[in-house]
Structures are given as C-alpha cells and as structure tokens.
Amino acid sequence: MVTAREPMASLDLPAVDDLVFGGHDIRDQSIEETVEQANEAGGVPNSKTLDAVREDLREIDERVTMGTARKCGQVVEELSDDKATNEGTLAEIVSQIRSDYETFAAEQDVDKLVVVNVASTEPPIKGDEKFDTLDELETAIEEDDSDLPASSLYAYAALVDEHPYVNFTPSTGSALGGLRELAAEKNVPHMGRDGKTGETLVKSALAPMFAGRNLQVLSWEGHNILGNTDGLVLEDDANKEGKIESKGNLLEQILGYDHHNAVRIDYTPSLGDWKTAWDHIHFQGFLETKMKMQFTWEGSDSALAAPLVLDLIRLIAYADEHGEGGEQPQLASFFKSPQGVDEHDLSVQFQKLYDYSERHLNDAPSGTVE
Amino acid sequence: MVTAREPMASLDLPAVDDLVFGGHDIRDQSIEETVEQANEAGGVPNSKTLDAVREDLREIDERVTMGTARKCGQVVEELSDDKATNEGTLAEIVSQIRSDYETFAAEQDVDKLVVVNVASTEPPIKGDEKFDTLDELETAIEEDDSDLPASSLYAYAALVDEHPYVNFTPSTGSALGGLRELAAEKNVPHMGRDGKTGETLVKSALAPMFAGRNLQVLSWEGHNILGNTDGLVLEDDANKEGKIESKGNLLEQILGYDHHNAVRIDYTPSLGDWKTAWDHIHFQGFLETKMKMQFTWEGSDSALAAPLVLDLIRLIAYADEHGEGGEQPQLASFFKSPQGVDEHDLSVQFQKLYDYSERHLNDAPSGTVE
Amino acid sequence: MVTAREPMASLDLPAVDDLVFGGHDIRDQSIEETVEQANEAGGVPNSKTLDAVREDLREIDERVTMGTARKCGQVVEELSDDKATNEGTLAEIVSQIRSDYETFAAEQDVDKLVVVNVASTEPPIKGDEKFDTLDELETAIEEDDSDLPASSLYAYAALVDEHPYVNFTPSTGSALGGLRELAAEKNVPHMGRDGKTGETLVKSALAPMFAGRNLQVLSWEGHNILGNTDGLVLEDDANKEGKIESKGNLLEQILGYDHHNAVRIDYTPSLGDWKTAWDHIHFQGFLETKMKMQFTWEGSDSALAAPLVLDLIRLIAYADEHGEGGEQPQLASFFKSPQGVDEHDLSVQFQKLYDYSERHLNDAPSGTVE
Amino acid sequence: MVTAREPMASLDLPAVDDLVFGGHDIRDQSIEETVEQANEAGGVPNSKTLDAVREDLREIDERVTMGTARKCGQVVEELSDDKATNEGTLAEIVSQIRSDYETFAAEQDVDKLVVVNVASTEPPIKGDEKFDTLDELETAIEEDDSDLPASSLYAYAALVDEHPYVNFTPSTGSALGGLRELAAEKNVPHMGRDGKTGETLVKSALAPMFAGRNLQVLSWEGHNILGNTDGLVLEDDANKEGKIESKGNLLEQILGYDHHNAVRIDYTPSLGDWKTAWDHIHFQGFLETKMKMQFTWEGSDSALAAPLVLDLIRLIAYADEHGEGGEQPQLASFFKSPQGVDEHDLSVQFQKLYDYSERHLNDAPSGTVE
C-alpha cells in the first residue's frame, strides 16, 4: 500500500484492521464464490490466502444487500439480478441507499462511513450540464430523470448524509456540478475518478520523459486484453466509451500537443483476473529520426486495485477527520482523471501527497498523538 | 533539444549556429566517412541531411587532430592510429592538449571554449583515491603515472585553462578529487558522467513509479544490443565494466533497497547506429502477487545523443558566463551518474533545470537582454 | 524472392528483367508520387533505389489507365477519381477492361499477359452463391448486378481471354464458383487470395508448433497497426471485415479446435509503409499450467509484398506455359486463404512448392533447356 | 503430451499409470521439498496438484538413492552431498549404478527399465574422440580416466545391461562413439540430447519461415532469464558453455548460412521455475530493407519438460519392444541436438514421428493388440 510508505505511514490514519466492509451488489453471486473463481482462473488470491480469509468473506457477504443497476448499460443489466434494475423511482432508490448506509453504520457501530464505488463502468452520460447545480440535481431525482446513473445516486446518498465518497471507476459518480455543490455545502470530502492501476499509470510515468526531452510523440497505441467481469462489461461499446475517454486524455495534457492516440480494450476470457497491455509509442527525435518504445504490462487487476482502495479509504477518512471537504487534490496520483486536478505527471502527483502528509505531520504538536 | 523548450528557450544561451566544432580523434577515419557509414548502415542521418552538411563535416575534419588513447583499453588501442597511443609522457600529452585547445580557440576566434568528452568508454580505473587532491594529481602527471586515463588528461587540460568541461561518457573524466579541487579553485563549471540517452533514461522515469506505488521490484533485467563502434568497444569486458556500473546504480538509489539487477550489453553489427534495449521487470504487489512489466526501446544512438551534447554545451557555457564554477546539479537529468547529485528521479531532475532557468529569468532585469 | 532459391531457381521461369508492368488505378496520383511519399514517410524504398528506378516508374505511369472502383466500399470510393466509380454498366466495364488488357499486350508486344489484383481490400460480398455457375455469373454481368465487385470483374476479364490471374488481396477476385468454372473450361491458371506477408505468415509457422506439442491455445490475440493506404481503407469496418476473416481462419484449421481468437487492425498514420503486429498467445500445457508467448513483427508492407508478387507472376506464367489450368495448390504458401487448399501449415505448404518444382525439374529432359 | 495425439495415441505404448519412478540424486533434499519450493516460488504445480501427488512423491523419494556428480562442474559439486562427488573409482561407480538399476527393477518388478538423464548440465568434455570406440571407453573406465562425466557413466551402465537410455540434457550422455558402438552391439535404443522445451523449440518453428521466404537473417539474439536450479548451475560459465552450444547450432543448419547469433542465459532467482526468453531477429528482405521480429516466451520449465520426458519414456520403450536399437530419428523433434539427425525444421521432425507411428500402425495386423 502507498500508505505503508513514509511519510504517509506516520500519519494517524485508521488502521486497516479496524475497517469493516459491507455494501451493495447487483448480482446474486457471493463474494466467496467470486474469489473462488478468481483463485481458479488466475491464482489471485492464491489458495492459502483464500483459505485464510474465507471466514471474513462470508461475514462480508452477510453485510452485502441488493443494489441498483440503473443506467449501467445493457451488459451490466444482463448480469444483474432482476431486483437490481427494475424496482422503484429514483427517490425511492436514493432513500433505500441512505437507509442501508445508516443501517450498516449502526449495526457495525463504525465511527465513520466511507463510500467507495468499485462497480463496473457505466456508459458515459449525455447532457451532464443539466445536473450542474444541487437544485437541478435534486429536482431530477424527484422527477425520476432516467439519465441519472447509479454511480451518482450512490454519491448523492453518501454526500447528503456527510459520508466521504470515492469513485474508483470511470463512471460519473460525484463528477456532477450538483454533487460538487453538495459536497462543498456539507464540507464532506470526495474524489475520483477511475483508479490508475496499470497501463495509464505507466503512461503518466513515461509521458513526462518524452515531454521533458522534447521527443515528439507521433502516435501512442495501447491494446489491453483482460479476462474478468470488467473485461466482459467493456466488450459493450457503450460502457467501453467511458473507460477509453478516461485512459486517453492524460497524454494530451502531459505532452501539450495533439497526436494519434488510440486505446483498445478486448475481452479475453482465458486471462481471468489478469490484464495485459501492449503500448507502442512512435516518436521523433533529432533530425526527425523516428524511433519507438514498446511496453507490456501484465498485472492482476484485483491485486493492483485492492491496496489503492484501502489507501483511499484511509486517506479520505483522514481528510474528513481534519475537516477538509470537497475535492482532494492530494489524492490525484490514484486516479486516471483526478477531479479538480489538471496535473497528470505522476511524480508531481506523488509530490502533492508527500507535501500534504508532511504538512500534516509538521502541524501535529510533537509528542502527541492526533 | 531540451533547450528548445520553455523555460530554457528563453535563457540567453549561445545560438547553435554560432558554435564551431573541432577536436581530437584517435582514428584516421574522417568524420565524413563515419557519417557516410552511419547513413549506409542505419539511415541516420538520412541522405538528404548528409548531403546538406557534407561541406560542414569536411570543415570540421580539418579542425580535428590526432589525440591520445592512453589507458583506453585494448580494443580502443587496436582501433587507434599508432601515434595516438605511443607518443610522449603524460606531461607532454597534457601540454599538447592545452596547446591544441588554445590553437583552436585562436584560429576560430571563439569567445569561449567548451570541452566535451564523447570518446569510447574507458575501463574503470583502479585506485582513484590516489588522485584525490590537486597536488597528488599534478604529481602523478609529472611522474607519468600510467593509471591516469585519457579522459582525465583532457579534463585537466580544460580546467587548468578555465575551459568548461562536460563528460558525456562513463569514463573517469573530471570525477577525480584533484580535478574537482582544480575546478573549484579556478571557478570553472564541469559536469558528467555518461549521457542518459536510452534505457537508463526510461529506468529513471519508471523506477519512481514502482517506488511511489510501493510495488516491490524483485528483479530488473536489461539486455542491450547495439551495432556501432560503442558496441564494438563494449564487447571488451574491461570497457563494459565502466558502462554497466553507470547504468545499474540508479535503480538502487530510487527504489531504496537491494534487488536482482543485471545489465547486459551485446554487440550486434547489423544494427548499425541503432540500439535496442529489452528490460524485464518482475515485481510484487498486494498479497505477494507477482507481476511483470517489459519494455523495448529502439533508438538511434546518435540521434538521441547529439541534441543532448548541444544542450550541454549551451547550458554549461551559460553557467560559465554567470560565474557558476564546480559541478552543475541543474544538469543532472542529462546524466546516468550525475556528479555531485544523488537524486535519480527523472521528474525531480527535470525540475532542477526548470527551477534554475526560472531563477535566472527572474533575476534578469526586465526589458534588458543579458 | 522465393523463386531465387533452389529448387525454384532452376525452373525455366520468365526472367524478372523481361517483365513489363502496366495496369489500372482508381486514383489520379502517379506511381512516382506514391513511391516518393513512401520514401519520405518510411524510407522504403530508400533514396538511392528511388533515383535508380525513377525513369522506369514514369514509363509504367504511362501504361496505367483509369480503372473501376465498383463495390469497393465507401473509403475507396472517396479516394477514387470520379470516373472510376460512376461510369458504365458492368458489361461496359468488363468490355473496357478486356480491351485495355489487349491494348497493353499488343503495344508492349508481350508473350503472355498475367493479371494480378493488388488493389485495396473490398468489403466481403453477400450471397456469393448466386454466382456459383458461369451461367449465373454472365447473366449477372449482363443484368448489371450491383453486388459484383471490381475484383471479380477484373478476374472475369482475365480468365475469359485466357490470361492467368492472381488475387493478392482478401477481395473476392476469382473465388466465385462461376469463375472457377470459367478457368477450368478455358484451362487457365488462377490463384488467391490475400498475400501472406506478415503476421499471418508467422501464425502459419508457429501454430503447428503448438499443435504438434499438444499445447492448447486458449486465446490468440493479434493487434496490427499500419500507416499506408491499406491501413486507411481498413479503418472502415466494412473493408476490415474481409481482411480479418482472411487472417483468422487458419488458426482453427491448424489447431483443430475452437479458441478465443481476435484480430485488430488500426490505422496509425505515422508508421507510413511500416506495419507492426503484436500477438499474444495464451496457452496451456501439462497440469493445466498456463503460459504465454508474445511476438512483434515489424515490417515494411511493400518490401514484404513486392517480391511475392514477382514470384507469383513468374510461377503462374510457368504453370500456364505447362498447360496447368485451374487453382494452383503449389502456390498455397503465398496466401492467407489459399483457394482449393485446406492445409495451412507453412512448412507443408512450402513442401508443396518444392515437390512441384522438383517434379518439373525431373520431367525436363536432361541437357536441354525447356 | 505428444503421445496423447493421433497417430501416436493409437500405438500400443506403455500406459502412464503403469510407470514407476525412482532414481539417483546428488542432493539430500527430497523431491517433496523440491516440489513444495516450486509451488511456493512459481505456482507450478499448484497447491491442489501438490496435495494430490504428495503421497506419490514420498514413495518416489524412498526409491531415490545417492548418485554421482563426477565431472559435473564446480557449481553442481557445491550443491552436492559429499558422498556424491568423492566416493570410488569409475569402475566402482559404474558397478554401483548397474547394481542400483537391477535392484530397482527387481524390487518394483518392472517389465522394462528406461534410464533418463534429467540432471543439471555438465561442462562440455574435452577430447571426446578418445572415447570413440567401446574398447577405448571401457579402458578409460578401468583406468579411472577423470575426463569421463557422470552422464556417460549412467549411459554406459544402462546400455551395457540393455536398458533404453534417453539424455534429456545437453551433457555428453550417450553421444560418445564408444557408447554408440555399445548400443548397436546390444541393439538397445538410445537418444538425446537436450530436451527442446522453449526458446529453441520456437526457433526450430520460425527459422524455416525465414529460410523458405528467402528473408536473410542478419542477427538472431536470444536472452534467457530463469530462476530454478538449472539457472543457478548455468550461472557458471563452464556449464553454460554446453547449453549454449546446444541452443545455437540449429539456426545455422536451418538457414544454411552464417549470421550473428548469440544466446545469453541469466539466473534471475525471483522467477522460480519460470523462464522468459526474449529473441530479437533482425532480417533483410527485398531491396535490402531491414526488418525485425521479436518474441518473448514465458513458460514453466518443469511443465514444459515433464510431459516430454513421459513421451520419451513411452516411445523409447516401444522402440525397444520392437527391437529397434541405436539412435532413434523419429524422436528428433524432442531434442535441441538430436543425435544422428541433421534436420532441425520442426515440422519435418514432427513428420518423422507421424510417419513412424503410421508405419507401425499399418504393420500391426488389424484386429489384434500388439
């Protein structure tokens, strides 16, 4: 975990062992089954780990209830239990989510509730400017506006009751003007979107090298193959659109000019939880000499994402504890499209987190525990 | 060129068109022939460029005289003209170099002479602590100490007459205590070593990503194949030793822990001036999940190195103009083993150059040209 | 060239120097311009070669007249001169092509006319069974059936006048029942389709290894990026469909079972004539151990295709000379989808050519030139 | 397994379930421990398989006794138990091996004993011509000639008592004139050397493609990294020499000309049983256009080797049953350096096995079981 490194490790973050997990799902399948399948298909987690946490998984399963798949695209709806897609008006759904949040918090007796979106990618929404103010957004919920996706309903339900919110997916989540307004008004921290786990992480580390050396990128082609449910959902062009937007934009920001830049995502079932990205970077140096760099990145999606989710829970809970509402620029390095942050250079993003941590460490009176 | 980017482009650097090139070589072959061979073998430069600069190359050839290959290793000696290796005592050689510097400067009527070492890699020297003071070094020259390599003789000859010195190779150059003392005493800028053109450049961009995300690198294997004279010289284990030391160290500094880290360099004549590096990075993430990244980097050695040499000439001449003697940390991003700088994170190194440039731009009285 | 190797080199093939080139194009751009652009963009051919053949190219340009782009898909039509797409009924077009063939042969006084299709890929045609007999086909021409593509018109015009025909593209060409019947009736040789130049060539060499070792291929993903007009035309999904069918089928034939098998083709303008394929092969061995092989193939499309076209002209002219009409199984190794041949193992296909050559060499009375 | 495919599957081969394993080792470590380490380090075999065969492994361990590490190189000697290296004269060692063979066969009551060498690679021996006849060889054993390596002692002990012998390693084994003479005299089948499991397998599939297409290979560079004991032993230059000889020769045979051809093997402990090869093939096509192919092969050494060992045991027992003594060309496809076979084209080698199998199937009287 990033929070296991200094200087973050010295912050008074909530301990991982103190976290209690629960949530909504839209499939009937238990987490235990999902993890068993992942172990079978790709060996992550391995059998020893699985056996060690099996009891914990069953406990979490008991805390998982049926969620909503509204506006999540056709593939997700096909994967979903009927109840997840058909029941209720938006107002009823939001009310149910809020009530489930409170029930969970009360039953588990937690000090703080943090909401994290780790659901499959939704298709991008059209016309998000119609949710630009809190007023417009709340009217849309009242009027059952069918354009509002599940991710934003969960975000609304979190923020309105002052629970910190993290959007680990490319879905809309809290990235609506109305939700930013709500977060500001309630002074509750939120951040997104799209956890930067693999190919895009590498891009944000490599692109500054080309920029800094004035090596002109002519084309940057990326081809991703992956085998988990994420891959299955991204087979659908509508859902894929959201993902690809999120993956491609940062190159232009870092390089400062337009170039040929394509991202492909293909579902390859045999890979299980594993994802391979092949990137081909064609660039031009001195005297217009054309050269190239290629890389492959072969990672387990879950093993890359899981620690970041824990990091984000710990860091956003900390921000909330310190009264820091709104978007959280110190968390930019965790996201492909960090809300409210234009900087995509990974090293600079890391520096924001280090600076934030050191500022807090310096502020804490020496010799005391915060 | 890096100096074509802002903020460096706004500095009052010497114009590229005002530079006059000359130098020492240890082979009889003319530059024109060398460039023709490079054009034949790998297409860099292309035929149009070659025709455009052919006349300039001939002029430069006239300004090139025979140098010394003392202590450059057996392969270099075999490539060398007899005169390059056998003539004179160290004192006589140094005296000849100084005199050649002065003659060149006088004949070309240049404002400032900058010395750059772009010769083939020497074997690393043993016992460099015996040249730790200027006194010891000058005594060694007097006594014709056979351990002093050519690169350090050229550096001495430059610094003693207050010419800025750049070591673009892994050879010893100015990295001796005695030469640092001399540079400080004369207040003349110098910097090295080993231009960071390809695989190591990528390493310095990628390794901070693994460090920042707490992904533990288990092994980092690099295999380089290249076809130019550099490759031929590096076939020799003694010369290769210097290169590999220079390429490998930065990973440990950036990652902060020891790991399996190997660098191979093989001569593959068919590649001409082209160099391909394949790197295999095996790393471990959450729950000890083992993952991997691989990259290949295919570049023209000359096209990558040439603009950096121009950048360095311009920037060190600028430093000299501003009375900034000694090692030049703002130039760290150009080198695999930046003298006097422990930082190897490429983004942080770039930032040093940007900060330096902005400081100078802010210092310059507005409305005036420095 | 393959025909420069033994035993083919000993066949009495037409000499390359005796070939005279002419043809139809659907763009206004001259061959000289096209080759100049290729030289600029990717260095193939290099400047020396270009200068050496420039006069020849101009002569060929004079022998090129406007062709037809009927049913070649929207992208090709947009690239085409107006005259190429709009003029005449099918019967008029066929008549024009036949007349152009005769004029060329007469003016150049050639012994034999060989027609080769090297045009951009057409979208696959629907309902090719309605051209299953010569009778149906000729009726379709008479009735101006809009489903007949340009490639089949050129093939018809060739075969009906007994000119050997080669289809180097994935387009329909002579692969219609009616044209096979015509070729048989006239005893004229024809062969296709789709020259096997790169990624598919490698597949046909590697897949037999997986089959022979009983290593089960779980998925074989291929991603191709290329920058020439072919790539531009393949941007269009309709045209791409034809190409991908042709590239994918052979794996199933060689492996003997179904598996996940995807081929992507993306247009990357900066690559010019160069094509890079990345293939990711996920396979399973003993005890269900999952392993992988990846390859990249980086070739100049033209430099790979051109010698094969020459080989095919020489070999099909030879077959015609020896009265061997119909499909030519000895040429299977040249094609992704060899007409009339189910065998896709490259070595076995090569063996067919060697056996054919040796049979002819043995048949030739010793001491005589055929 | 290859023998699970037709036509081999129809041969009356010994059933895998009927095989009983035992042998010599030179380390004290039990097979169970070795397999547990492999499971830990690289997941091959996985935990389920390990648990399923644990009891079998223990039984095999009981049938393993201390062997000899004579002339196996310094690294192997360091890994070895003292008894393995120091005890006895050659005559005594051979006598002990023969006696251990007989004891095993008697205790396990097997119909046929097959000896397979799967020990670590020995350094190549000097002066193998002094063992060119059986007479010379037996004299050398009598006189305790220190140049005779362990692998040849095991081969001698097998052949002299008419047990079929397979050399799955690059060591000398039965590739001495004296042992070939012995096998012929006794009419016992033997074959080697060096199981073709990975990189070389791919080479033997790909090189015929370059040859057949007349694409001239300029250089073929291979870099192998691996993490098991094999890798450790190959760290030693002496042992590595044997391996590299075996890997490199086939290219020259297939291509028919000399070219730059290098093979590197590096020990990378973190990879455990996994081996990654990166090959870079630089080749030249039409008009001297230089192109390249690169591949990586990532396999589990054991999972690739184990089924081949089973295949070889079954097929050589079958040959012995049919009175086919001497070298076994139908087994060429299994070996990097097939004894007595010059053909390295993988498809042609496979064909030899298919032809052999079909000949035997045709010979068997229909309706009977052999």
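General remarks:
Order of writing sets the labels: A, B, C and D. Residues in every chain begin at 1.
As a convention for this text, contacts are C-beta pairs under 8 Å (C-beta built on N, C-alpha and C of every residue); 3 or more make two chains touch, one makes a residue touch a chain.
Listed by chain with UniProt protein names: A, B, C, D = Myo-inositol-1-phosphate synthase.
Just so it is clear, the model here is predicted, and its values are computed rather than measured.
The set of chains in contact with chain C as well as chain D comprises A, B.
Interface comparison, A-D versus B-D: the higher count of C-beta contacts falls to B-D. Work out the mean CA point of chain A and of chain D, and you get 50 Å between them. Distance between chain B and chain D, defined via averaged C-alpha coordinates, is recorded as 48 Å. In chain B, the positions touching at least two other chains are 46, 294, 296. Note for the complex: chain B touches chain C at residues 43, 46-48. Of all residues in chain A, only 1-2, 4-5, 44-46, 49, 201-202, 205-206, 208-209, 212-214, 285-287, 289, 291-300, 303-304, 306-307, 333, 345-348, 350 touch chain B in the complex they form. On the side of chain C, the complex with chain A involves touching residues 218-219, 221, 223, 225, 260, 262, 264, 266, 268-271, 276, 278, 280, 282, 290, 294, 296.
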